[in-house]
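Common to both upcoming complexes is subunit A, partnered first by subunit B, then by subunit C.
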Partner chain A sequence: MELLPFFEWAETTFLGYIGKTYGGVYATFGQSLHLMALAVLGGSVLVADLRLLNVIMKDVPSEIVTEQAHKWFRIALVMIISTGIFMAAAVAQRMYHNDFFWAKMSALLVGIIFVFAIKRPLLKGSHADLNPIVIKMVASASILVWFSVAATGRWIGFSG
Partner chain B sequence: MTVKKELGIQEKIAAVAAGAIIISALMYWGYQFVGMLEFLEMAYE
Partner chain C sequence: MINEMLVQFAEWLYATGGSRAIEESFYLYNWIETTHVLTIMVCLGMLAFIDLRMLGYALPNVSASTIADRLNVPMMIGFALMFITGLLLFYAKPTYTNQSIWFRIKMVLLVVAFFNAIRFHRHMKASASTWCNEPRAPFNLRVSAALSLGLWAGVVTTGRLIAYDWYHCYRDLPGWLSAAAGCVAE
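Presenting the complex of A and B:
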């Protein structure tokens, strides 16, 4: 499926026009909110996964930590996707030809599927009933996949 | 006496998915790191 026409169209939309024409709007509503959301998402991922790895907050049950962190994760994810669409619309054709954009989108897709289809259903019940090695594997994979989203995302700005 | 607990189907799926992600991420970043080292070596020469 050829996606280039979609990216060309995205640049001609109202979002693409605003982002391209008004640098201030792009920087404040796009980049700064996107980075703040990334910080919240990264924070929630690290708190939950480092707790699952038994590194931090050992005195608080991991069920409570992961449940609380997931609420912020969801809010940050919605913010990241909405500001990300706005930012990408302004430079859509450049994004289409950027390898790191596709690496980030792949990592994001894997991360979302992993969290909502695998990690959440697994950690819903009591963590004491689960195999500790599996919990640690899930936490490590989660850190790695969201690190990849963040790192490839920042790399977009320094490539192509 | 130790009781060896078997993994449930959900745990098995999670373990396979997590393992696949860990291996893929390490391969991807390892590849990028090697590329960076090659670039630095070239720049140094």
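Presenting the complex of A and C:
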């Protein structure tokens, strides 16, 4: 499927126009909010996964920590995607030709599928019923995938 | 006077071999900057959870002092890495960064955030035993937590804006802005 026309269209939308015309709006409402959402997402991932790895809050049941962290993960993810769409719309054609943009989109997709299709269903019940090695593998994979999303995202700006 | 001294210091830093090596290395500079961004996830992520707990929005059924104590260590590790990578980023581009109004505002916000954190910890230590199992912290700690979130949002925003030269010294700036940005007469 040819995606370039979609990216060309994205630049002509209202979001694309605002981001392209007003640098201050792009930088503050796009980039800065994106970074703040990334901080909250990082916090929610680390709080939950470091608990699952028995590194922090060992005296608090991991079910409580992961459940609460997931609430903030969802909020941060919505913010990241919203601000990401706004930023990408302004420079959509450049994004289309940027390898790191596609790397980030792939990592993001893997991360979302991992969280909602594997991690959440697995951790829904009592964690005592699960193999501790599986829990630790899931937590390590989660940290790795979300830090990859952030790193590839930063490299979009360094290339293309 | 201070601006002249800062410019001289920045020019001296700029002339050192280490500064040139970092800025001229595509991978080294960009990986330092990437690490700086990744540490935001660690440091500010933990900080956000501590502050949100005080405000009653995260983990309200877990003791507030437990959250603050346990998340403090990873937060400080993240902060140390963020600080080191931040210093290296400044070292790589000292003349540009020194005369960025956004960098200067960021530094002011960091200092205010530091004093706010001290105030927060002092109040927390003095009173935690009386309320730490409540879903929300007392009013003065909630003020500190909200202020902390606001100040760090400002730090992130001004940090991101350093890349933009809208108000740099080579622009036509009003006198007050020129002085605030550290511009000196050639």
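Basically, the second predicted complex is superposed on the first by the 160 of 160 C-alpha atoms of A that agree within 3 Å, B and C clash if a C-alpha of one lies under 4 Å from a C-alpha of the other, contacts with A are read in each partner's own complex, and residues count from 1 in each chain.
As a convention for this text, a contact is a pair of C-beta atoms (placed from the backbone, for glycine too) under 8 Å apart; a residue touches a chain by one contact, two chains touch by 3 or more.
The structure presented is a predicted model; accordingly, all values stated were derived computationally and were not measured.
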Partner chain(s) touched by A:Ser140 [first = subunit B, second = subunit C, both, neither]: first
Which of subunit B and subunit C A:Met105 touches, first, second, both or neither: neither
Partner chain(s) touched by A:Ile118 [first = subunit B, second = subunit C, both, neither]: first
Partner chain in contact with A:Val47 - subunit B first, subunit C second, else both or neither: second
A:Met79 touches, of subunit B and subunit C: first, second, both or neither? neither
Subunit A residues touched by each partner, larger count belonging to subunit B or subunit C: C
Partner chain in contact with A:Asp59 - subunit B first, subunit C second, else both or neither: second
Partner chain(s) touched by A:Gly23 [first = subunit B, second = subunit C, both, neither]: second
Partner chain(s) touched by A:Phe158 [first = subunit B, second = subunit C, both, neither]: second
Contacts of A:Leu130 with subunit B and subunit C, given as first, second, both or neither: first
On subunit A, positions contacted by subunit B and by subunit C: 147, 151
Subunit A residues touching subunit B - in the complex, by the definition given at the top: 103, 110, 114, 118-119, 121-122, 130-131, 133-134, 137-138, 140-141, 144-145, 147-148, 151
Residue ranges of subunit B touching subunit A (in the complex, touch as defined): 5, 7, 10-11, 13-15, 17-19, 21-22, 25-26, 28-29
Subunit A - residues contacting subunit C, complex: 23-24, 27-28, 31-32, 35-36, 38-47, 50, 55-57, 59-60, 64-65, 68-69, 71-72, 146-147, 150-151, 154-155, 158
In the complex with subunit A, residue positions of subunit C that touch it: 26, 30, 33-34, 37-38, 40-42, 44-49, 52, 58-59, 61-62, 66-67, 70-71, 73-74, 152-153, 156-157, 160-161, 164, 166
